[in-house]
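Next, two complexes with subunit A in common: one pairs it with subunit B, the other with subunit C.
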Partner chain A sequence: MTDIKIQLGRAEAIAKLDTAGAPVTTEWLLGQLPFSDQAIHSMENGREVYSILDAIDTPPPENQSIYQAVGDLFVYHKPAIFVDPEWPRHTRNYLVVGFIYERDSAIRGISGPLAANIVGTITDGLTELAHEAPRMRREGMGQLSIERL
Partner chain B sequence: MRKLLFEMNGAKAVAEMHDDIVPNTCDAIWDILPVDGMSIHANWASREIMLHLQGDKVLRLPAEGHNYRGTIAPGDIVYFWRSPQMSRGKQLAYSSEFQRELSEFAIFYGEPSGGGLAANDPSRDHDASLQVVTLFATFIDLPAEFVEQCESVRHQGLQHLTVSRYET
Partner chain C sequence: MQNKEPVADVADLSHRQLRQIRISFPASGAAATATLLEEDSPNTTTAIWDMLPLQLRATHDMWSGHLVRGHLEGNPYLSPENVLTHIPIPGDIFYYHRPANYYRGNPYGRSESAEIGIVYASDTRPQGPRGPEAVNLFAEIDSGLDQIAEACREILTDGQQELVIERVIES
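Entry: the complex of A and B
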């Protein structure tokens, strides 16, 4: 297991990467770190916070699930219409890294569930994230940062 | 048909009420106008902002008109009421009174609208004692400036929204 630190605004959390279940995605994600960008709250999936990854290479489908759980850290391609108000002319989806902080959430595409690479699990600080994300919904979204410990 | 004026940060939009389809709902809403408050963005129903009705503006209306569950179109404006104890999760982004019972205008300002978990809720659908969803107005003038303000709620947090009678 490899630990990473997730910082959402004022909240900090620790996640363990699933090096056994998602070795390729884990290695790929570590190659993107440290990472810091605008946090975005999902408008279609429930209690999901994510950021867009500006990566040239993308991980293959691995350790995927359409039944994401609270505390899952995942990587997937989100339909662009859920990010931009209008369809970008040459972009149909964005690669995102995100997590679910409370239940009643499910990643979906335009017409149904969407599989995400489950790359890790938040093991500490989930409660803090679950308070910070709703605060940001009210007061404005801040930064999402991820770094290797 | 009566018309409604929506104003957010200087941007305006006009909607027409469905007096012919849901007259009682339209009357009840018309009577409490103007309504203002802080709008919050949806996190299940895609491009929707919500204006929670509070204090003496809270409405508890019976179902009226067509069964609304199902298709939602951009521009739809819905009266939504949800009974106590039917919330999903803690609703920490809401004020404490709305973490229990919910009475609101649901304002669908763009594509995609609705769908997902917001549209598939068998435990609450078709039981007006638990939830009322009534389409009562549709935007007839929805300028890009107003849409941009709605989108900004998602990123910048709560924004002040006023809904008033539009009478020329």
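Entry: the complex of A and C
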């Protein structure tokens, strides 16, 4: 297991990467760190916060599930229409890294459930994230930062 | 859906004229006009018209796609009418009500709520954690949708905004 620190606005959390279940995605994500960008609250999946990754290479399907759990850290291709108000001319989806901070949430595509690479689990600070995300949703979204510990 | 008495009886449309509402976000200056669908939803349009002007806190939806909602104080209950059962189109404005403890999750699921929703882009469907929701479609935006869409999109990252709904043409 490899630990990473997640910072959402004022909240900090720790996640353990699933090096056994998602070795390629884990290695790939570590290669993107440190990372910091605009945090966005989901408009279609419930209690999900994510950021868009500006990566040239993308991880293959690995350790995927459509039944994401609270605290899951994941990487997937989000349909562009759920990021932009209109379909971008040359983009069908954006690669994103995100997490779910509360129950009754699920990653969805245009026509149904969407599988995500589950790359880790938030083990500490989830309660703080679950308070910070709704606050940011009311008052404005800040940065999502991820770094290796 | 529940036992509350609706706040409006069947509307008398014999004197009907085209009624429009103005929707605006004062912080950005974005504004649009919408026409009430009085033939399709007489009770809802009458009840909403009687509530105007409204100042609401608009929040971006987290389950439905490109949609913002504003909570109506006092949770006025309106009977299902002109129920939108499938995919709305950008510019649709609807009324939605849920009773307390309608779905799991605190605090939203436990709270009764009446809301006005505005659909500002495609690939949207009113829904919550229990699936798609029936809403009363009562107005359509005629002009200014681009401005409103931009303001609605900004709520996603900038947070809640004041939403004003007021009468344009009075019958």
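The rule is short, and it goes like this: the second predicted complex is superposed on the first by the 149 of 149 C-alpha atoms of A that agree within 3 Å, B and C clash if a C-alpha of one lies under 4 Å from a C-alpha of the other, contacts with A are read in each partner's own complex, and residues count from 1 in each chain.
The criterion applied here is as follows: contacts are C-beta pairs under 8 Å (C-beta built on N, C-alpha and C of every residue); 3 or more make two chains touch, one makes a residue touch a chain.
Fair warning: this is a prediction, and the values are worked out from it, not measured in the lab.
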Combined model on subunit A where subunit B meets subunit C, clash or fit: clash
Touching partner for A:P85 - first (subunit B), second (subunit C), both, neither: both
First, second, both or neither for A:D57, with subunit B first and subunit C second: neither
Partner chain in contact with A:E139 - subunit B first, subunit C second, else both or neither: both
Partner chain in contact with A:H131 - subunit B first, subunit C second, else both or neither: first
Shared contact residues on subunit A - subunit B and subunit C: 38, 40-48, 81-82, 85, 102-105, 110, 136-141
List of subunit A residues in touch with subunit C within their complex: 38, 40-48, 79, 81-82, 85-86, 102-105, 110, 136-141
Subunit C residues touching subunit A - in the complex, by the definition given at the top: 59-67, 103-105, 120-123, 129, 149-150, 153, 156-160
Contact footprint of subunit A on subunit B as seen in their complex: 40-48, 88-90, 92-93, 110-112, 115-117, 147-148, 151, 154-158
Partner subunit B, residues of subunit A touching it in the complex: 38, 40-48, 81-82, 85, 102-106, 108, 110, 130-131, 133-141
